[in-house]
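Chain naming follows the written order as A, B and C, and within any one chain the residues start at number 1.
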Amino acid sequence: MNLSSFIDVFHAWPSLLNGLVMTVMLTLVSSFLGVVLGTLCAWGSLKGPKAVRWFIRGYVEFFRNTPFLGQIFFIFFGLPALGLRLDPVTAALVALTINLTAYACEIIRAGIEATPAGQFEAASSLGLKPAQAFFLVIIPPAFQRVWPAMTSQLVIILLASALCSQISVAELSYEANMIASRTFRNFEAYIVVTLIYLGLAVLFREMLTWVGRRFVYGEFATGAQR
Amino acid sequence: MSNLASSAALAQASPSSAPSGHAIELVGVNKWYGEFHVLKDINLKVHRGERIVICGPSGSGKSTMIRCINRLEEHQQGTIIVDGIELTNDLKRIDEIRREVGMCFQHFNLFPHLTILENLTLAPIWVRKMPKKEADELAMHFLTKVKIPEQAHKYPGQLSGGQQQRVAIARALCMKPKILLFDEPTSALDPEMVKEVLETMVSLAEEGMTMLCVTHEMGFARQVANRVIFMDAGQIIEMNEPEPFFSNPQHERTRLFLSQILGH
Amino acid sequence: MNDFTTWDVFRNLLAAVPWTIYLSLIAFAGGAAVSLILLSLRFAFPRVAGRPVRLYVQVFQGTPLLMQLFLVYFGLALMGVQTTPLFAASLCLSVYSSAYLTETWYGCVLAVPKGQWEASSSLGLKHWQQMLLIVLPQALRLSVPPTVGLMVQIVKNTSLASIVGFVELTRASQIIANATFEPFLAYGAVALIYFVICFSISLCGRHLEKRIRI
């Protein structure tokens, strides 16, 4: 292996770029949906009727205790037996979102449970409806509390999206496989793509920190108050 | 200015002219936590504009009783009528009552992610559907009243305990409640901050607000209370005007309790 | 076509369970060994070892396990090392797990309140005595819940070994799905089996956590 063996890989930059765009798209869309749905699930699992709570608990436990690879296989190869045939990209988005929602629900729930009961009581005593109290009063500090954990989970989702190559979604690691088999530069192709992932992960983490500072953390300090 | 007339003025109607006679009526109220009988046959009628101070040893059920009045806790037996509305499981009625009853907590329970002004305007905007501008004016009015208008754009974590509690009172006032409940509003405060909060409460009392106040500040009780209630083990043991209550308690337990807290 | 009963599917899948467990144990043991070495270095020589260890953790937590697996697989081949899927997967999962274990356990040691260090140094204990007698035992308790969580992650991550051709649960389910034309059943059943394994570990963890707290 020497520098010239990387040239073949770099020649394939258009397909690397396509893969990059797909990976970014998968990550951003599923991150957004997963956080929103995870918040709703956290609400349902804490304040919903008993049946809803049990359903969400079961869903969360199931998806946190099975491998993502199995989930994506089941959604892409298994569901057509029920007449639900998804194209690879949709299947990947569904799998990533369902997986992330389960983790996000659990993370946000922990944040809500750390909220002092007084916050909800104060909101009720002011006449706010439970849904208003939840989204206006409980959620913002809870998000602040768990944003670091959420950031890690979102980075994990970015990295997990590599498995979407297994159902032939043309994202980065799929392109790596393609380049590897076209050029026979296996190691070089994977090194380059791994470094791209590393860069993406660092950038994504930075971006989430920025989002946190801009939208999640106020100028307030939750710790200072009970 | 007229729309900013203090909430107290609304509640100033004299007892006789009130539609149902009483601001709050508790009749035969009982409550259990599992096996544990927290409230035992509570009977209490509060007139409009009346100030009532509730005291008693820790665990006697003082908080539980006043929290039943705005349904933060549910009672299992008896009737609670607030401003002529009976508390049932009907959510509409609970909302209606919560709009009329304000509450201040021991630990203030300000919303840490909102500025002081946003804390005050949250409920007027979302519950009363007030336009933001009007809500801001209302909030500034009450912040001025509790003497901290200059803190409007800070966050709760940046204020002292006494200031936070005054914000909490202003927040409750912004809903223009007819009744205010206080649950040990000064007991989480450093001694030098107790005074500023009590002064705020005294000025509310002078404006004729109906107040139920759990506190061990006996000076406050003497100064503003119409009646003082002593609770023990889930029961109202003694209820009297402050003068006879302090100078001549009727029950041994009251006497013991008073000697303990006045002793220090 | 449907000569396979549901039971046949389960029976064949269950036969692959030991391989998943075997691989998980190797990955956990290997990961724990590597991370204990890294942690010792980091605590013994914080100046010198702190940065490289942090970099190690960041790199392995910042790249997909799938890419690491391919790199190990083809990297070894490039170096002329004869490798098997089991060896490549074991090596890769160990290294990958070690990054997460190092990060987690380091956090547990830091989570022991400062007062404990101060109190033990005021008693005249030496630094290594404080670490060994006072801080580590407490960190060990703190580490139980997250470690159990990581064990679940490791079990789930072994599914990636299927991609380099190692026949564990996921690979078995693929083979069965292709042979029976019953992907719904095969992938559904394998998910259930994973769930039973992982959820049992989670439950054990919760049980341990409760016992430790008392």
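Some notes on this structure:
We take it that contacts are C-beta pairs under 8 Å (C-beta built on N, C-alpha and C of every residue); 3 or more make two chains touch, one makes a residue touch a chain.
As the structure is a prediction and not an experimental result, all values here were calculated from the model.
Chain centres here are C-alpha means, and the one lying farthest from subunit B is C. Ranked by how close its C-alpha mean sits to the mean of all protein C-alpha atoms, the top chain is A. For the pair subunit B and subunit C, the distance between mean C-alpha positions equals 55 Å. Chain geometry summary: the mean Cα position of subunit A and that of subunit C are 20 Å apart.
Per-chain Cα centroids separate subunit A from subunit B by 45 Å. In the complex of the two chains, the subunit A residues touching subunit C come out as 1, 61-62, 64-71, 73-74, 77-82, 155, 159-160, 162-163, 165-166, 173, 176, 180, 186-187, 190-191, 193-194, 197-198, 201-202. The touching residues of subunit A, when paired with subunit B in their complex, are 116, 118-119, 121-129, 132, 136-137, 140-141, 144, 218-226. Of all the residues in subunit C, the ones that touch subunit A in their complex are 59, 61-68, 70-71, 74-75, 77-78, 152, 155-157, 159-160, 162-163, 170, 173-174, 177, 182-188, 190-191, 194-195, 198-199, 202.
Looking at the complex, you find that subunit B touches subunit A at residues 70-72, 95, 98-99, 101-103, 105, 107-113, 122-123, 126-127, 155-158, 164, 168, 171-172, 175, 181.
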